[in-house]
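Shared between the two complexes below is chain A, which pairs with chain B and chain C, respectively.
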Partner chain A sequence: MESKPGLLHVEDLTVAYHTGAGWLEAVRDFTLTIAPGQTYGLVGESGSGKSTIALTIMRYLRNGRSRQGAVWFNGRNLLTLPPHDMAHIWGKEISFVPQDPLSALNPSLRIGEQIAEVLRQHLHLDKKSAAARAIALLDMVRIPDPPRVAASYPHQLSGGMQQRVMIAMALSTEPPLLILDEPTTNLDVTTQAAVLDLLRELIAARQTAVLYVTHNLGVVAQVCDRVAVLYAGELVEDAPTHALYRQPLHPYTQGLLDSVPQLGQHKAQIQLAAIPGQIPALGQRPTGCVFAPRCPLAVEICHAERPFLDTAAAENGRFVRCHRWPEIAAGEGGVKKEGRRERKREEGRGKRRREEGGERRDCCRWRI
Partner chain B sequence: MTKYIIRRLGFLALTLLLTSLIVFAVTQLLPGDVARIVLGREAGEEALAAFRETYGLNDPLPVQYVNWLGNFLSGNWGTSISTRTDIFPTVMQRLRNSAMLAVVTLMISVPLAVILGVIAGLNEDKLADNVISIASLAVVGLPEFVTGLVLIELFARRLDWLPANSSIRVDATFAEALPMLILPALTATLVLLAYIARLTRAGVVEELKRPYVRTAILKGLPRRTVIVKHVLRNALLPTITVIAISFGWLISGLIVIENVFNYPGIGRLLVFSIDRRDLPTLQAVTMITVLGFAIANLIADLLYAALNPRIRLD
Partner chain C sequence: MTSNGSSLPTQLSPPSSRRSILRELFARPASALGTTIFLLFVLLAICGPLLAPYELNQQIYSDARQAPSATHWFGTDNLGRDVFSRVILGARDILTLSGLGTLLAVLSGVTFGLISGYYGGLLDELIMRFFDSLLAMPALLLALLLLGILGPAVSSVMIVIVVVYTPIVARVVRSVVLSVKTKAFVEAARIQGESLWRILFREILPSVLPALAVEASLRFSYAIFLVASLGFLGVGVQPPSPNWGLMVNEARQHVSQLPWALYFPAGAIAIVVIGVNLMADGLKRVWQGGTVGK
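Let's turn to the complex of A and B:
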């Protein structure tokens, strides 16, 4: 058994989908390490490959295939594990909470049974104690009247309640790693806030490591220790959350932050900047840096040569994939300011309504 | 639920009332004079008039209808014109025979069709699926009298395993009748099989794509649990409904099969009564047929509702 860092270590992962046009890479050279108990945000636009990464880690990719790299979990490479062994990891070692809880629950099984069957499977509880434990778990996720809800069917619950059920189910075996794929995206704002609060509390209490897949930087700021920013299937920046928010080193991250309103700004002052252009389609990746066609700071080398993931600050683990990050970090030659101003002049005309923490999904022209 | 059942029973009564009107009207429209048919060509005018008087054939039609319906509801179905016996016990006997055949058919066809459908659905577009789908389609295209005769030729004449003739005794018990039931039941199975199997396959294919299946797999449940407990519970809902409905067809729709095998069920009684212009029997058989279909549909709906928690009945 090789020694690998962290609880989960995704190493040089490349994932491709088979299409009519051949194999198209949705994720390229992706590397990520999650320590035990660490909460990691994986941020990107629709189509950036974030869900592909989540499902590859779970080894549950439908049409895609990992073509290169490894997913080390507790020293074992999940990608080469016999399929039979994954059943002992699913639900016990790694739990998954998907985006839409209603369709993720079986419509014709009672809520209590859907939780209890996990307990019977992995913790080998008998029928009676599993049912009792399921009710206790519903209480843990602050569902009122747990015995009644346990006897209900999914369609009888609200979206927030359904997602709480999914969370209760995911945490029922106290797994060391929890993967959340946009768990609050389909909920309304107040429900989203309540579910996030609950998640934060439950995660903190159990030292569960988390991979939180989202397009919402506001959510990441609330929940995660570290953030990995994904663009067109490539990791462009990986940093502790507070450092990333204080000083983003990749122009794409800067663009993301600029397109989210700041808390406390008056709505009359807000000018949100959208990033011009759009994410390249699979198979139409530029030869140089993937972000170069949209980047306000792009120079000749950016179009010619693909940057590697560079260590920006070794002590707190900052990584960035940009040719010009040292200039951005130093603020040299007005690189940062000029670039951001220029972009605003071009695209940031619209005044947008302020929403706390950027909760509104359509607050910018493109979704983050 | 109770409210729903009461409402559905109300609909059932209404359906039967409408049917009785149609049945009565159609028999009135049929050519020929009932008295003449019954008494024969040589009967004198006096005898005919006396007959019409006795059976109320001179009454206005609404009066005739109400009398007929009242008699029907009280189990007084009259006497067969052709056999001069009470209709009610005859129809009940045939009904029992048809029900026996229906039960045997379902016992053979349902497990077979569901298993084949599930195998095909789980192996969508693979070899097993293609073989099952093509074979079942090929079989369903054949008419019952062809498959019936082929089965007789094979199992009765060549192999001599089963009797070719299924004319069971009137008072035969189920156990006595069973060997004679197998060939007609197999023939009916071949009609039902493709239908049920394809429906099951479609249900399985559709349900497998749903996100809850992913949830079940990612919970770490064994594959068998995922399929039997999670997928089939939802995938078989339409299948169960269709099986319940097909019971109505099995009771009264096996006209060809019952005739090929000479089996004394409702279907044969229907053909017999048409042959002999036995109007009272024809009316009774038609009413029973409609009742059978209506009850089968009601059971199908109730089963679907009972098994599917998303259906709200009130």
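Let's turn to the complex of A and C:
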């Protein structure tokens, strides 16, 4: 077998859940490569299989089974690793930050003790130095008055604080890979922004690779180098963040971007373009492209034949699973829609703003 | 948000601190009474020899068979022993024996309960069905059976307490473990790579503690009762030890002439058992009141 690229390489992963109706494939032929220090966004609607992928990588999937493919991490296939070895990877080499920090924190242990537990387990620190280190970690995630917070119980902290504690815990062992499962979903917008800023700073300083699972395109634009867009368990587009936002090649990605309200827009100026229809049930996937029934650009071949993941631009690694992407890229044949044109106009405005305020402002447009 | 106020007092009193539990216990008359009784008997157990006016087995033949008086507060028995001194000195005997027995029963019950609840499956079935079969027998019958095998000795009584109460403690612990082990924080601990030992004793055990404290104090009161009963039946602690149950047994033959020799040790048993029971009930209320573990 050839050497596996990157830190994490998910290869042709298919994950199925067992239900009353038999095995249903929640994720199909999923491929992803994360380089060391790279931040990857995994975007999709609810039920698109993004959490399933995150949990499969962690090998912590309940009642689901990976039926095909491999998850290569540092040259080892995590899916075939004995459970004992997996326990050494958990928390030490791959850390996981769950969506709801309050339920992930032990209600009957003080914050300091909980962080110290992880340190003692993985770094084999003694009780005293683990406690001191826990306070230093709380300081690192910019929690005010760390000694006092260390002596508090989880329910005494705000949601933002709790999530900072989770991040402190996840980074305490300096893992090469961090998986975040919608870590800011339950937070209000300002807290979310603060946590994201912190996160970006921490992972940049440590060169930690990140897989950021979210349904929020704005968050992805803010944090991630690359984005993988998931639809009904299939990878539909995989591209560098700025390229994807500038020119989405898959109609689903286009639809997603069009359905995001943008800052500085009046509601009279644009109508949010919702994607008609809904995500297909796992048991009733169309024979052709999974997105074809909802796709405004679908033609005959789309319904008949399943597209493969095509390389759209080799130099920066753009992949798209669509029959018509070359036309979309060229902007031919009526593939532009009303909403798209509207968005283009916005982008022109964004360009002007970018010239004024630098690269980051452009991304911030997408923040909800 | 309690986090950004550095003006707040730095001393946070956590809900489960020992101090606040005591305060809560004394907030209710019944549990305050129970706790006072218990602490009083503990005090007796500790400094009994200082308080008792006579030696444990000191026989004053001239004073034998005396009713309660200024010299012998609780009277004397047929052998001329001071009942008051024996009751006081008996506190240490019965409290250490039942206390130590309960402690061991709690330790083994916690271990079995944690393992059984966390692993589940066949192991759980085996452990719990075995415990069920132990529980199917009346406690006293089981105790007599075991003492018949082991022979009457202090260590045998201890083993009896452990065997009789381990299944009950294990059941309580297991039931809490079952509800806690599926919680996200246990999964989070696993996914952080914590070892089994840490997950069982550091993550899960703290959630078990409230229920365990209540159960342990209840078991303790029953253990006192059991030790006294076994003493009364003559199969546990042997004479001349100042076991209250044993004293009741000895005084039984002379109850018509020397009722005080029976009443006082019997009363001591009743009072300490009621006291510990009230305290256990108070503990239960403290935790059910929602001060801990929201």
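The working rule: the second predicted complex is superposed on the first by the 333 of 368 C-alpha atoms of A that agree within 3 Å, B and C clash if a C-alpha of one lies under 4 Å from a C-alpha of the other, contacts with A are read in each partner's own complex, and residues count from 1 in each chain.
Everything below uses one rule, namely that a residue touches a chain if its C-beta (ideal position, glycine included) is under 8 Å from a C-beta of that chain, and two chains touch if they have at least 3 such contacts.
Because the structure is predicted, anything quoted here is derived from the model rather than measured.
Trainee: After lining both complexes up on chain A, report clash or fit for chain B versus chain C.
Mentor: On the shared chain A, the partners clash.
Trainee: Taking the superposition on A as described, I'd like to know which of chain B and chain C A:Ile53 touches: first, second, both or neither.
Mentor: In the superposed model, A:Ile53 contacts neither chain B nor chain C.
Trainee: Now for A:Val210: first (chain B), second (chain C), both, or neither, which partner does it touch?
Mentor: In the superposition, A:Val210 touches no partner, neither chain B nor chain C.
Trainee: Name the contact category of A:Ile328: first (chain B only), second (chain C only), both, or neither.
Mentor: neither
Trainee: Which chain makes contact with more of the residues of chain A, chain B or else chain C?
Mentor: Answer, by number of touched residues of chain A: C.
Trainee: Which partner does A:Ser108 reach: the first (chain B), the second (chain C), both, or neither?
Mentor: So A:Ser108 meets both chain B and chain C here.
Trainee: Using the superposition on chain A described above, determine whether A:Val195 touches chain B (first), chain C (second), both, or neither.
Mentor: neither
Trainee: Identify the partner contact of A:Val10: answer first if only chain B is touched, second if only chain C is, both if each is, neither if none is.
Mentor: Touch partners of A:Val10: none, neither chain B nor chain C.
Trainee: Thinking of the overlay built on chain A, is A:Pro144 touched by chain B (first), by chain C (second), by both, or by neither?
Mentor: The second partner, chain C, only.
Trainee: Check the residue A:His88 against both partner chains and state whether it touches chain B (first), chain C (second), both, or neither.
Mentor: Both chain B and chain C are touched by A:His88.
Trainee: With both complexes superposed on chain A, which partner does A:Ser158 reach: first (chain B), second (chain C), both or neither?
Mentor: second
Trainee: Could you tell me which of 44-52, 242-250 or 278-286 in chain B overlaps chain C after superposing the two complexes on chain A?
Mentor: For chain B, the clashing option is 242-250.
Trainee: Overlap of the chain B and chain C footprints on chain A, residue-wise?
Mentor: Correct list for chain A: 58, 60, 87-92, 95-96, 98, 100, 103-109, 117-118, 121-122, 153, 155, 169.
Trainee: Please name which positions on chain C make contact with chain A in the complex.
Mentor: Contact set of chain C toward chain A: 1-4, 6, 8, 10, 12, 14-16, 183-185, 187-195, 198, 202-203, 206-207, 209, 292-294.
Trainee: Applying the document's contact rule, which stretches of chain A touch chain C when the two form their complex?
Mentor: Listed in rising order, the residues are 58, 60, 87-92, 95-96, 98, 100, 103-110, 117-118, 121-122, 143-145, 147-149, 151-153, 155-158, 161, 169-170.
Trainee: What part of chain B is in contact with chain A in the complex they form?
Mentor: 210-212, 214-222, 225, 229-230, 233-234, 307-310
Trainee: Spell out the part of chain A that touches chain B in their complex, as residue ranges.
Mentor: 58, 60, 87-92, 95-96, 98, 100, 103-109, 117-118, 121-122, 153, 155, 166, 169
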